[in-house]
Structures are given as C-alpha cells and as structure tokens.
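Next come two complexes built around chain A: one with chain B, the other with chain C.
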Partner chain A sequence: MTMLIIVLLPFLAIFPVWMVGRRNRFISMLVAAATSASALVALATLAPAVMSGEVLTSSWPWIERLGLELAFRVDGLALLFGILILGIGTLVIVYAYFYLHDDDPIGSFYAMLMTFMGAMMGVVMSENVLLLVMFWELTSISSFLLIGYWKHLPAARQGARMALGITGGGGLALLAGMLLIGHIVGSYDLTTILASNELILGHDLYFVALVLVLLGAFTKSAQFPFHFWLPNAMSAPTPVSSYLHSATMVKAGVFLLARMHPALSGSSSWFVLVTGAGTITLCFAAYVALFKHDLKGLLAYSTISHLGLITACFGFSTKLATTAGVFHIMNHAIFKASLFMSAGIIDHETGTRDARVLSGLRHSMPITFGLATLATLAMAGFPLFSGFLSKEMFFEVAFLSMDNPLAGEIRGYEWLFPVLATFGGLCSMAYSFRLIGDVFFGEENPDLPKHPHDPPAGLWAPVAILVFFCVAIGVAPFLFQGFVFVVAQAVIGGPAPDYKIAIWHGLTPALGMTGVAVVGGALLYRNWRSIHSFHTRFAPISGKVIFEAFVEAAVASARRLTAWFDNGSMQRYIATTIGFATFVGFLGWYQLGWTPGTLDLTLAPPVALIPWGVLIAATALTIRFHRKRLAAVVMMSVVGLIVSLIFIFFSGPDLGLTQLSVEVVTILLILLSLYVLPQWTPRESTPRRRGRDAILSCAAGLGVGALAYGVMTRPQQTISDFYLEKSVPEGGGSNVVNVILVDFRGFDTMGEIAVLMVAAIGIVVMLQGRRPVRPNDVRPLIEERFPVMLTTTTRPMMALILVIAFYIFMRGHNLPGGGFIAGLVASVALIIQFLASGKTWTNKRLTVDFARMGALGVIIAVCTGLAAFLFEKPFLKGGLAHVHVPGIGEIHLASAMSFDLGVFMVVVGALLIIIKRLSEYHGGDDDEVESMKDRR
Partner chain B sequence: MINYQILLASSIGVLVAAGIYLMLRARTFPVVLGLAMLGYAVNLFLFGMGRLEIGTPPIIQDGVTSYVDPLPQALVLTAIVIGFGMTAFAVTLAVKGFVISGNDHIDGEIPRTESGGDTE
Partner chain C sequence: MILHTAILITMGLISFSILLNLYRMAEGPRTLDRVVGLDTMYINAIAMIVLMGMYADTDLYFEAAMLIAMMGFVGTVALSKYFLRGDIIE
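Showing the complex of A and B:
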C-alpha cells in the first residue's frame, strides 16, 4: 500500500497546487514541497527492508486481459532513483519559488512538476513493464509542458516540440520492445523478465527487442545521435533544466539500461551498441561543451557527456562497471542539479548566462562562487569530491575492458576505450576550468545587465544542501558504499563486486588517466582561444537544423497528401468512401467466391410482382425526375409506402406501423424544406461524371443486393429464442418486439430517444439566427390556402386519431403498438392540423410546450430506470403487475409502461418541435399570406 | 420461378443504387433524398437478416410455436425513428446552408470549373 501511496501522492497534489497557486504562491509551494517530502518519508520507511537485500513488490489488478497490472516494486535501484527524484524535487520546488517571476503562473508550474514527479516515480517503481512504458510516456508529456512553460518564447515552443518528438518517438519504440520481450518471456512482470536472461538472449527476436528498448533509452538519455533535443530543452526555466534535464528525467534512459540490464545484457550486441553509443557520446559532448558560451548550454552538453559515461558503464556490463554506473548516476544527479541551480542564480542576479560577458563574479557573489566551485570540482572529478570516485571507477573499468570477452565485431579496437575515456575526462576537466575561470575569475565586467550580488537564501540553500553531499561522499565514501552496493545488486542481478570505494587505491592505471586528464585539461584551458578559433573554422552540423528540416518535410508531404484527397468536395468524399467500401466488399467475394444459400426459397405468386414493380418503378422515377424536386418527393413517398407494406407482409406489424407514420412526417418535412430551397436542381454534372456515378452506385447496389440474397437464403442462427421464451414470463408482454424495446434492451432505447431529442435540439439551435429574407416564390402560386374540405374533416379526425394513439399505446405491450408507434400516430394527428388549418390557427389552440414535453419524456424514462434501484434491482430492470379494470379489461401495469410513456413523449415532443420550427422558419405568417392574397 | 428472396434482394439493391446515385449529386436536396432512400434500403436489409417469414409475427400466442426473429425488428424499429431524426437534421442543414450561403451546393459554393455552371 505504501508503494501505491508514494506513486499517487504527487498526482493527488496536482489539482490543489494548481488551484491554490492562483491565489497564494507561497501556499502552493508549501503544498508541493510537503507532498514530495512526505512521499520521501514514505519511501524511507521501506528503505530498511531494501537495504537488507529484499525486493518489495505489491500489485493490484487493472486490465488483466492486456497483461497490465498496477504493480510496483522497490529494490535498490528504485530506492536510489526515488530518493533522487523526491529529494532533489523538494529542493527544486523551493528553489523555483524564489526563481520564478511573480507574473509567472506558479500554480500550473507546480502542477506540471507534480505530474512529472509522479510519472517519474511510476517509471522507477513499476513492476509491470507496460505500466513502466505508460509512465515513461507521461514523463515525456510533462517534460514537453515544462519546456514550453514560457509559451510566449518561440524557442521554448520549438524546444518542447523537439523534445516530445524525440523522446515520445523513443517511447513508442520502447513500447514495441517491451511487447516483444513480453512475447518472448510470456509475462510482463519485471521479476519474471529479469530472471529470463538466457531465454531472451537465445530468442530470434532478441536483437530487434534490444534495439527497440535501446532506442527508448538512448532518446531519453540524449545519447548520440539523439542528443540534440537536450540543449534545445534549455529554454525551459532553470529549475526545470536542473530537475528534469540533468538530475532525473534524462536519467530515465540510463535507469532503463540499469533496469533491463539483468535481462538483456551479456551479449556482444549489448556490449557493442551500448558501450559504443556511450563512449561516442561521452567524447563528442564533452568536446562540444568546451565551446559553449551559454552556461546552460555548456552544462547541457556536459550532462550529455556524463550520461554517455554512465551508458558506457552499463555497456561494459561487468560487476564493477555497473557499480560505477549507478554510483555515477547518484553523483552526477547531485552535482549537476546544484550546478544548474548555480547557473540559474547567476542568470537571475546578473541578467545573462553568457560566459563571454560574465567575469570576476567571485567578489560580488562569494557564496555562489564557493558553492559553484565545489560542485564544479565534483563534476571535473577532483580528489575528495564525489565525482572523483565514480570517475576513477569508470577509468578502471575502461582500462579493464581491453580484454572483454564480449567485444565481438570490435575486437582489436578495445584499446580505444581507455583512450577515449581519458579524452572525455580531459575535455570535462577543461570545460570545468573554463566554467569557474571565465565566470568567477578575472576582472569584473562593469557592463552586466544587472548589478550582481548574492541571491536570497531561498535560492542558494538548496544548492548548499546538494554541495554538502558532493563533499560528504567525496570525503567519506565508506558511509555510502553499502547503499551503492545494494543498488548495484539490483542492476547486476547478483552479488556486488569485491571492491572497496576509496579515495586511494595505490598507483593504478586509473590514477594515471586522471593525472593525464587534469594536466591535459589545464593545458587545454590555457590555450582555449587558439583551439576555439580552430574549432570555429568548421561549419557546425546542427542536429536541430536536420530535425527541423525533417519535420518540415514531413508536414509538407502530409499537406500534399491531404490536399490530394481532401480537396473540399463532398462528392469526392462520398464517392471515395463508397467506392472503397464496395471494393473491399467485392474483394471478399473475389477471394472466397459467392454462392446462394441452400435454404428453401419462399415461392411468390405472380401478384407479388405488382408491389415489386411499383417499388422499382417509383425508385426509377425518383431518379428520372430528381431535378424536379416536388415530383421526386412524391415518387419517393410511394417507395416508403411499399416498404411499410413489405414489413407488414413479412411478419413485422410493428415495423409497418412505424414506417407508415414516419413516412408521413418525413415527406411533410421534406416538403416544408422546399418552401425555402429552390424547386429544381440544375443539371450541372458532366455526362462522364453521371456515368461514373451510375457505375459506382450500380456496383454498390449489386453488392448489397447479392449480399442480402446470400444471407436470406442461408439458415439462421439466432439469439432470439431467449427473448421469445422470456417475453411473457419476465417481460410481462406478448409483443416481443415491444418487450425487447422497453425491457430487455431498454438501455438501448433510452439511448435512441436521447439521440432523437438531441437531433431536435440541434435543429432548434440551427434554425435560430438568420432567416430567409423573403418567402420563396412558390407562395403566391397557392390560391387556396386551406381547403374547406380538408379543414372541416381533419378537426374531428384529430380527436379520433388521438384516441387511436392512446389505444395503440395501451395495447402495445401485447399487440403491435407501443410508445414509438403511438407517439408517431399522435404526432401525425397534430401535424395534420398545421397542414389543414395553418400554423396561426393551430398554435393558438395547441399551447403545449413540446420541447418541455420531450425533455420530460427523457426524464421519465431515466427515472423509471432508476426506480429499479429502489427494489435493489439493476438499472431499467422491469417490474410488472396486471390489473383488471372494469369496462376496459385486463391491463398491464409494468414499469415498462412508464418507460414507454417516456418514449411516447419524446417522440411527440421531438417531432413537433422539428416540424413547428421548420414551418416557422421561412418567416412571415399565415395572416401575411392572407393579406397578400387579398391585395391580389 | 419467382421467389420472395430474389424480389426483396433486388429491391434492396435497386434502392441502394438509387440512394447512392442521389447522394453523389451536387445539390443538397437530392443528397437528402438519397440519404432517405438509402435508409429504406438499410432498414429492409436489416429486416431481411431475420429471414423472410409470412404470417408469423412475434406476438406470443397460445398454441403457436413458430415466430419470426424479433430482434432485427426491434433494431429496425428504432432505426426507422432515428433515421427520421437524421433526415430531419440533414434537411435543416440544407435549409440553413442555403439561407447562409445563398446557394444549395453541398460544398457551400458553386465551383466554377464544373461544366454547365449554375444554369439549366
């Protein structure tokens, strides 16, 4: 449980710090800091068990089908990272409070930081590798948000995009890699995977999985050639650079190498790829750092270089090498975080980070000078500082790797490792000298943007705490040895090496390499100017330029592709969609063949040809006259009538009734639209276009028809026996269709009536605002508005029809009918009045608010469903009672009836709103028409 | 030899073809008609999935053991009503589009490249 709390705590704090941050910056900071501090305390309670060698795990099921569990583990490695993330996190939170400007929205800053912190804790504590990948991507996203925190700066937006592009892409590769590993091992549990080294190494997919996982690690840890996003991420506020882009997030990549080390290492591909990438990055970045003028840029390349060193350690893969790797993770996080904070202080107090401008700050900023110098010495790897110890170990393993049995393809070149390691150390020494020498020594520059002085304690105190650890580890390494070895055990997957972390090991090759690095670094710094002018002769190859060019090319080609098929023509979209669907349909037949089924055909008497012929003819005439819109509508209404006859004939009385009444309303609606729309369609398609459309639609029609025939002539397997059996005993009605609608599948029906209501609301909203200026030209053609015959017959008819609707409603549970049909019939009765007597007359008499009626219907339906809870039954579970009412007979009082009432009200409400609004839309009213008629 | 299966299947096919042809026209009104036409076809198609039975409506009666499959009917019943909602929405869209843009081309403007133009 503690583990879940540790991971969840930062996430829980997101919302509070965000809300509070708007009103009170200080409390927001306190909440954030208290959260990470308490998570740290919670983690500390697990530390004793971990230090005694235990691996703590606990899990909760999540999505079992995917193999995804909410499973966490705390071992040495997770403990180290947890302490770094939460410890440095707390310091950064305090530092950021003093660093950020009052105008910067600090609440959202802390909210993003807490998201990141939680995601990072998730990465390091995941026991399930899919969970790990999920948190991994979350770190990419929160890093993206934090880099772009100052969203008004173009560089920030660009840097954020680049970081997300590279690390997010790497995350996808990692996901694929983890899926492959899960496939190989048969489990996504880390414990199982870590114990399956031989199985994984022997599998055919090992190399692919390895490369994918390494892509994830290398992009995250900014290894060459994916390094360039990190310097561009420096446009983030300095607390972010310090926390994410030196101490923690970029360490997620090396964390992954360490985490997967027991499972994936031990092959020469691992050795060559990981060591190779690490060594190249180490040297290349150290060299580039030498010539960076921006302090944060220098530190960024230095970070890349040190990450290369750690990567190389895990690549060497010996016990001592991995111990050096985890030890350096710890040391680097501490000294680099403090250095970034120092750079932030200098920027904050002088207004610049340019090493060419800064000079002689040791007098005006003595505290910063002292702290930064100590941290730099740790970075350079001077004796008595933490960096010295891990760097010595690295030099030693680089030297020892000259006879590594896994060298594989690079056998014969192993001598390069100590040489390159020394070169990297030498450059590192030189840029460290430059950092201190240029910024703090020399003459003080009087033209700085701000007058420099030491910052408030809130800014330097976090640095001081970190620097204390740099020195403490460096002076008294034996205090930390036990911890480092516990961490190393988790990475080695076995006992720690027989080694003692000490300042003095005698005259070893490593000491000699350090000596060369110190002397060479000093010489390099002395001659920095001449070397710099030599360096600037070469045109810089910027990864950023290549990346941006790549992104632009991708965007341009996507745009071309989009423009090719998304040209704004609806006709083209419809044709493409239907064409493709038809093609896929026929492809299936092309491969499998089409045969009619074996079911006995139902022979039809010749008289059946009459409705069939009418249907075909009406359809053909609709097409033939589709430009004369009124005629087309009339033809189409014939089609609708035949369709309802078909329903009735083939045992679907409910459908027939529904289709018939819907048909009336639909045709009316379409006629109403012709009040506004033009009366005819211009002939504008070319014969070729018409031919193409005809071929396409005939192909689709042939396909659907053949499909229908194929299915209808095959025996049926149905799930409906259940409904037929249970309809009477459980649904309390003998009309199975209605029982399905209001009981068995009542939830679906509730969705349907909601959709109908939404359509009605959409129509109401759409018809607000601008109206047609002038009624369409048909109006004057109508001589007799309201024929006397129609008017006088429909008024009494209405009462009759409403009674019929009531009857249909009541009997619907047992005989054809029900809420839908009754609603439609009632609507037709009312709509006919608009038709026959005009809307002014009808509106005066029909004062029901149909919008309210429809809404009430939805509410009744929902409440009926909820009422089932009162009887401790699931939502919409029906109850029933049969009551004998004298004079009427037996009626059922099922809860389904109240649901059906809701359906009825929605149908009536929605239909009448739609028809009324559309009929009112053309502007003017009947009286106006009357007066127009009089004038004529 | 005439049978109901071929009659219904051919009707569905013709309705689909007509519906799609109308949907491919350039003006909103035929597209609405096409949608409605396709709606008929789809409802009949779904209905046909329950196979064709004559005189066996799914109303439970004593002594009757054979009923048509009620499930496709329940589906189609709601489909008809929803289909009306969709047609109504499309019609309103066409009306509003015409009022706003001053023409009833489905793209909201009459492309100049079309031969024939806006005249009959």
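Showing the complex of A and C:
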C-alpha cells in the first residue's frame, strides 16, 4: 500500500496545487513541497527492508487480459532513483518559487511538475513493464509541457515539440520492445523477466527486442545520434532543466539500461551497441560542450557526455562497471542539478547566460561563486569530490575492458576505450575550468544587463544542500558504499563486486588517466582561443536543422500521399469509397460465389407495393431533378416519408418517428443553406465521368441488394433475441430500442451526443464572423415577412408540440419514444417560432443559452453513468424505482431517464445552436441592416 | 369483416392518390405545385397509417400519424416560406 501511495501522492497534488496557485503562490509551493517531502518519508520507511537486500513488490489487478497490472517494486535501484526524484524534486520546488517571475502562472507549473514527478516515480517503481512504458510516455508528455512552459517563446515551442517527437518516438519503440520481451518470456512481470536472461538471449527475436529497448533508452537519455533534443530543451525554465534534463528524466534512459541489465546484457550485441553509443556520446558531447557559450548549453552537452559515460559503464557490463554506472548516476544527478541551479542564479541576477559576456563575478556573487566552484570540481572529477570517485571507477573499468570476452566484432580495437575515456575526461576538465574561469575570474564586466549580487537564500540554499552531498560523498565515501552496493546488486542481478570505494587506491592506471586528463584539460583551457578558432572553421552540423527538415519532409510526403487519392473533390472521394467497398464485396462474391437462401419468401402485401413503387420513383426523380435544388429537396422528403412509413409498417415505430423528425430538421437545415447557395447546380462533370459514376453506383446498389437478399433468406440467430430477452430484467424497460440506446449501448450514445455537441460547436466556430460571399439569387415573391396566418397558427402549435415531446419523452423507456425523438420534436416546436416570427422576435423571448443547455446535457449523461459507481455497478448500469404520485399514478423512474434527459438536452441544445447560427449567417439582424443603411 | 374489406379498398384508393401526388410532383410545372403535392402526400400518409392501425387493431400507429401531421405542417411551412421569401428564418 505504501508503494501505491508514493506513486499516487504527486498525482493527487496536481489539482490542489494548480487551483491554489492562482490565488496564492506561496501556499501552492508549500503544498507541492510537502507532497514530495511526504512521499520521500514514505519511501524512507521502506528503505531498511531494501537495504537488507529485500525486493518489495505489491500489485493490484488492472486490465488482466492485456497483462497490465498495477504492480510496483522497490529494490535498490528504485530506492536510489526515488530518493533522487523526490529529494531533488523538493529542492527544485523551493528553488522555482524564488526563480519564477510573479507574472508566470506558478500553479500550472507546479501541476506539471507534480505530473512529471508522479510519472517518474511510476517509471522507477513499476514491476509491470507495460505499466513502466505507460509512465515513461507520461514523462515525455509532462516534459513537453514543461519545456514549452513559456509559451510565448518560439524556441520553447520548437524545443518542446522536438523533445516530444524524439522521446515519444523512442517510447513507442520501447513499447514494441517490451511487447516482444513479454512474448519471449511469457510474462510482463519484471521479476520473471529479470530471471529469464538465458531464455531471452537464446531467442531469435532477441536482437530486435534489444534494439527497440535501446532506442527507447538512447532517445530518452540523449545518446548520440538522438542527443540534439536536449540542448534545445534548454529553453525551459531553469528549474525544469535542472530537474528533468539533468537529474531525473534523462536518467530514465540509463535507468532502463540498469533495470533491464540482468535480463538483456551478456551478449556481444549488448556490449557493442551500448558501450559504442556511450563512448561516442561521451567524447563527442564533451568536445562540443567545450565551445558552448551559453552556460545552460554547456551544461546540457556536459549532461549528454556524462550520460554517455554511464551508458558505457552499463555496456561494459562487469560487476565493477555497473557499480560505477550506478554510483555515477547518483553523483551526476547531485552535482549537475546544483550546477543548473547556479546557472539559473547567474541568469536571474545578471540577466545573461553568455560565458563571453560574464566575467569576474567572484566579487559580486561570492556565495554563488563558492557553491558553483565546488559543484564544478565534482563534475570535473577532482579528488575529494564525489565525481572523482565514480570517474576513477569508470577509468578503471575502461582500462580493464581491453580484454572483455564479449568484444565480438570490435575485437582488436578495445584499446580505444581507455583512450576515448581519457579524451572525454580531458574535455570535461577543460570545460569545467572554462565554466569557472570565464564566469567568475578575470576582470569584472561593468556592462551586464543587471547589476549582479548574490540571490536570496531561497535560491542558493537548495544548491548548498546538494553541494554538501557532493563534498560529503567525496570526503567520506565509506558512508555511502553500502547503499551504492545495494543499488548495484539490483542492476547486476547478483552479489556486489569485491571492491572498496576509496579516494586512494595506489598508483593504478586509472590514476594515470586522471592525471593525463587534469594536465591535458588545463592545457586545453589555456589554449582555448586558438582551438576555438580552429573549431569554428568547420560548418556546424545542427541536429535541430536536420530534425526540422525531416519533419517537414514527412509532412510533405504525407500530404502528397493524401492528395493522391483525395484531391479535395467530393465526387472523387465518394467514388473512391464506393468503388472500394464494391470491389471488396465483389471479391467475396468472386471467391465464394453467391447462392440465395433456402427460406420461403414472404408474400408482398399488395397495399405495400404502391408505396415501394413510389419510393423507387421518388429516388429516380431526385436524380432527375438534382440540378434544380429545391425540387430535389422536395423529392428527397418523399423518400424520407416513405422510408418512415416502411419502418412503421414493419413494427419499427421508434425508427419511424425518428426518421420523420430527422427528415424535417434536415429539410430546415438544407433550406437555410440553400438561401446562400445557387438555385441551380451547374453541369460540371464530363459524360464519361457521369457514365462511370452511374455504373459504379448501380454496381454498388445491386451488390448491396444481393447481399441483403442472401442474408435475409437464410435462417439465422440474430443478436436481437438477446436484447428482447434481457431488456426488461436488466434494462428495466420494455421498449427494447430505447433500452439499447440508454443502457446496453449507453456508452455509444454518450459518445454520440458528445459528437453532436462538438459538431454544433464546430459549426458555430466555422461560421464565426462570416458573411456569405455571394448574395442569393432568390427574389422574394411577397413583401410580408411574417404572415399573420402563420404567426397565429404556430403559437398554439408550439404548445401542442411541446406537450407531445414531453409525452414521448416520459414514456420512452417502455413504449416508442425517448430522449432523442423528444429532443427533435421539441426543437422543431421552437424552430417554427423562428420561421413564423423571425429571429429578432424569437431571440427576445427565447433567452435560453442553448450552448450551455447542450453542455449541461452531456454532463448529466456522464454523471448518470458515474452514479452507477456509487452502487458498485459498472459505468452506466441502470437502476430503477417505482414512485407513486397522488393524482398522476405510478411513475416509473429508471436511472435511464436522467440519461435520457441528458440526450434530450443535447439534441435540443445542438440543433438550436446550429439553426440560430445558420440564420445569423444570412443577413445579420435588423439593427445591423439599419446601421448599414445609415452608413450609405 | 365488412370493415376489413372497406379498409382494404380505402387503402387501395389512398395508395392510388399517393401515386397521383407523385405524378404532380414529377410534372410540376412550378415548384409550388410540387410543394403542394408533397403536403398532400403527407396527408395521405397519415390516412394510410390510421388505416393500418384500424386494420391491425392497435393504437400504436396513431402517434406516428400525429407526428407526421405536425412534421408535415412544419416542412410545408418551411418550403413555402422559402419559396415566397427565400430566407426561412428572417
């Protein structure tokens, strides 16, 4: 239970933090910080068990059929990451409160940060790999939102999009990889997967699964060649950079390597791919960082380089190497978070982050100078600082990897590893020197945008806490050795190596490599200018430009593909659709043949023959008159009328009633549109094309006819028997159609009414502020706008129709009717008032906000569905009650009725919105016409 | 028994008049003629439904008849308004 609470706590805080943030920034910060601190305390209660070597798991079923469980696990690795995420998270929350400007909405910032924190805790504590992927994607999304926090900056939006594109894409690859692993192992439980190393390695799909998982890890941890999103993510506010893009989220990639290490490592492909990517990233990024002028850019490339180092450690895959990787994850998170915060302080107090402008800040910002220098020494790997220990271990394993048995294809080149490692360390030394030397030493620059001074304690105190750990680990490593080894055990999947983390190991090769790095780094920094001018001779390769070009090319080719079959012509679109459907139908006929069924044919009643003849004739006439639009509308109404007669005749009164009402509303809408359209459709297509269309539609029609004939002449078990049987006992209504709509398929109905509302809103938005381009060519035949006859008859009509609508609504559950028909009928009653008396008159009297009504309808429907949860029944499961009301009699109350009320309100709301909007589209109201006359 | 026969004969006659309505709508010559034809067809449809109800001895059909009466009225009004003024909601 504790584990569930730890993961859920940040999510639960999202809303409170958001809401409070609008009113009081300080309380919002307190809530956020208290949440992460209490999650940390909860995690600490599990620590003793974990430290004694236990792996704690607990799980709740979720979607069992998919193998998805709400399963959590706390082992050493999860504990380390949990402490980093929640601990640094708390510090960042405090830091951000002082960092963000008063105009920045802090509530939404903390809300996003809490989302991220919860997602990240989910990633590191998942026991089910599908759950892990889900939280993984959530970290990508919350990172996207946080990078784009300053929405007004184009760079922030581009950076956010790029980060989402790359890490989200990697997440998809990871999902595929996890599914493959699940397929190989037969379980999505991490415990089972981690114990199946041999099974996975021996499987044919191992390489594919490995590459997919590595794609996920490398994109997230910004490994070459996916590294370029991280520098572009630096447009995020600095607290975000220090939290997500140095300490935690980018660590999710190396976390994944560590997590899957027991299951996937041990092959030569793992060694080559992981070590290769890590080493290349380490050297490349450290070299690039050397020439970055933006402090955050420098730190971003430095982060990439350190992530490369950690990746390489997991690639070497020996016990000592993985321990070094784990140790460096911890150290890097601490010193890099503090360095980003220091860069943020400098930016905040001086107004710039450009290393070329900044100079001599040691006098004006002594506290920042001290803290940043200590953190930088840790980053560079100076003795007595945390970074030294893990880097020393890395050098040692790089040296030892020269006789790694898994070298495979790269055998013979293993000497490269220590060389490249030393080169990376050397560059890292040099950019660390530069960071401190350029910013804090030298002459003080008097032309800074702001007058620099040390920040309030709220900004530097979090840095100080982190720096304290950098030094503490560096001076007294034995205090942390036990913890690191517990973490390492989880990654190794066995006992920790026989090694002692210490400052002095004697004269080892690693010490020599450190020596080379320190001396070389110092030399490099001395000659930085000449090396920089050499570097700038080459044209820079921008990952951003390549990525944007790729995105644009993808969009362009998608457009081309779409344009190929949908060139915007409605005729072609319909022809393609019908043509394909016909083709598929005829394919089946060609393969299997067609035989009529064996059932006896029903004798057609002679009375019915004439309406059917009329139906066919009216359809033909619609085609004949289709250029003369009004006549075509009249003919279509005949078709609609006959169809509803047929429905009624064949005992489908609900369908008949619905068809009738829909018919009238459709005619009203078409007439409204016809006002702004030409009266005649011009002849646009060639005879050949018309011939093609005729053949196509005849083939489709005959095909459907043949299908229907074939099906209806066969004995069959339809689903309707089920509904007829269950309608009364389970749905509580004898009108099966209505029960299906509001109960059995209530979920569909809810989606549909939502769609209806969305369509109405869409129409409103699309017609916003528009006027028809061409005036109508209908000339009024009479002057009188609102004939008295019409106005007088429609008033009582409205009352009558509304009563009928109410009646249809009330009895809908048991007899033909229901919310949908009643809504249509009631809308018609209101619309005829617009017809008879004009919109000005009606709007004055009909002051209902129909948009609100429709929205309320959707809410009522959803709440009815949710109410079923109160009775511990599934969503939308109906309940019923019978109430005796004196004077009226027994009233049948089903929960379906309130759902039906929602449907009713949505139908009325949506229709009235659309009709009102279309009528306003026409000519504006009278006042507007008057004012136009005045202007003339 | 005689009632059933009478109903069947009436149904036949009404069907025939529906055919005549359709003829008017096909021929025109003016659109107004077609609109009137449609309105008459609505009325005949009501008659048809009521007859069906009487024949099957059920009152389930009558609401459909009532709804057709209302909806037919609204449809016709809208078409006439369009015909006379061009804009149905002014």
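We take it that the second predicted complex is superposed on the first by the 605 of 936 C-alpha atoms of A that agree within 3 Å, B and C clash if a C-alpha of one lies under 4 Å from a C-alpha of the other, contacts with A are read in each partner's own complex, and residues count from 1 in each chain.
Please note the rule applied: contacts are C-beta pairs under 8 Å (C-beta built on N, C-alpha and C of every residue); 3 or more make two chains touch, one makes a residue touch a chain.
As the structure is a computational prediction, the values presented were derived from the model and not from experiment.
Student: Going by the contact rule set out at the top, does A:L601 touch chain B (first), chain C (second), both, or neither?
Tutor: first
Student: Between chain B and chain C, whom does A:I804 touch in the aligned arrangement: first, second, both, or neither?
Tutor: second
Student: Using the superposition on chain A described above, determine whether A:M51 touches chain B (first), chain C (second), both, or neither.
Tutor: neither
Student: For A:P653, select first, second, both or neither according to whether it touches chain B, chain C, the two together, or no partner.
Tutor: both
Student: Mind working out whether A:L630 is in touch with chain B, chain C, both or neither, as first, second, both or neither?
Tutor: The second partner, chain C, only.
Student: Let me test your reading of the model: by the given contact rule, A:P816 touches which partner, first (chain B), second (chain C), both or neither?
Tutor: Touch partners of A:P816: chain B and chain C.
Student: Identify the partner contact of A:L4: answer first if only chain B is touched, second if only chain C is, both if each is, neither if none is.
Tutor: neither
Student: Please report the chain A residues shared by its interface with chain B and its interface with chain C.
Tutor: 606, 633, 649, 653, 672, 674, 815-816, 918
Student: Name, in rising order, each residue of chain C that touches chain A in their complex.
Tutor: 8, 11-12, 15-16, 18-19, 22, 25-26, 28, 31, 34-35, 37-38, 41-42, 45, 48-49, 52, 60-61, 63-64, 66-68, 70-71, 73-75, 77-79, 81-90
Student: Given the complex with chain A, which residues does chain B contribute to the contact?
Tutor: 1-33, 36-37, 40-41, 43-45, 47-61, 67-71, 73-74, 76-78, 80-89, 91-96, 98-100, 104, 106-107, 111, 114-120
Student: Which of the residues in chain A end up touching chain C in this complex?
Tutor: So the residues of chain A in touch with chain C come to 606-607, 610-611, 613-614, 617-618, 621, 628, 630-631, 633-635, 637-638, 641, 644-645, 648-649, 653, 656-657, 660-661, 663-664, 667-668, 671-672, 674-675, 776, 778-782, 785-786, 790, 794, 797, 800-801, 804, 808, 815-816, 825, 828, 831-832, 834-836, 838-839, 915, 918-919, 922-923.
Student: Please output the residues of chain A touching chain B within their complex, sorted ascending.
Tutor: These residues of chain A touch chain B: 568-571, 574-575, 578, 599, 601-606, 608-609, 612, 615-616, 619-620, 622-623, 626, 629, 632-633, 636, 639-640, 643, 646-647, 649-655, 658-659, 662, 665-666, 669-670, 672-674, 676-678, 680-686, 693-694, 696-698, 700-702, 704-709, 711-713, 716, 718-720, 723-724, 727-728, 734-737, 740-741, 745, 748-749, 752, 755-756, 759-760, 762-763, 766-767, 770-772, 814-816, 820, 824, 907, 910-911, 914, 918, 921.
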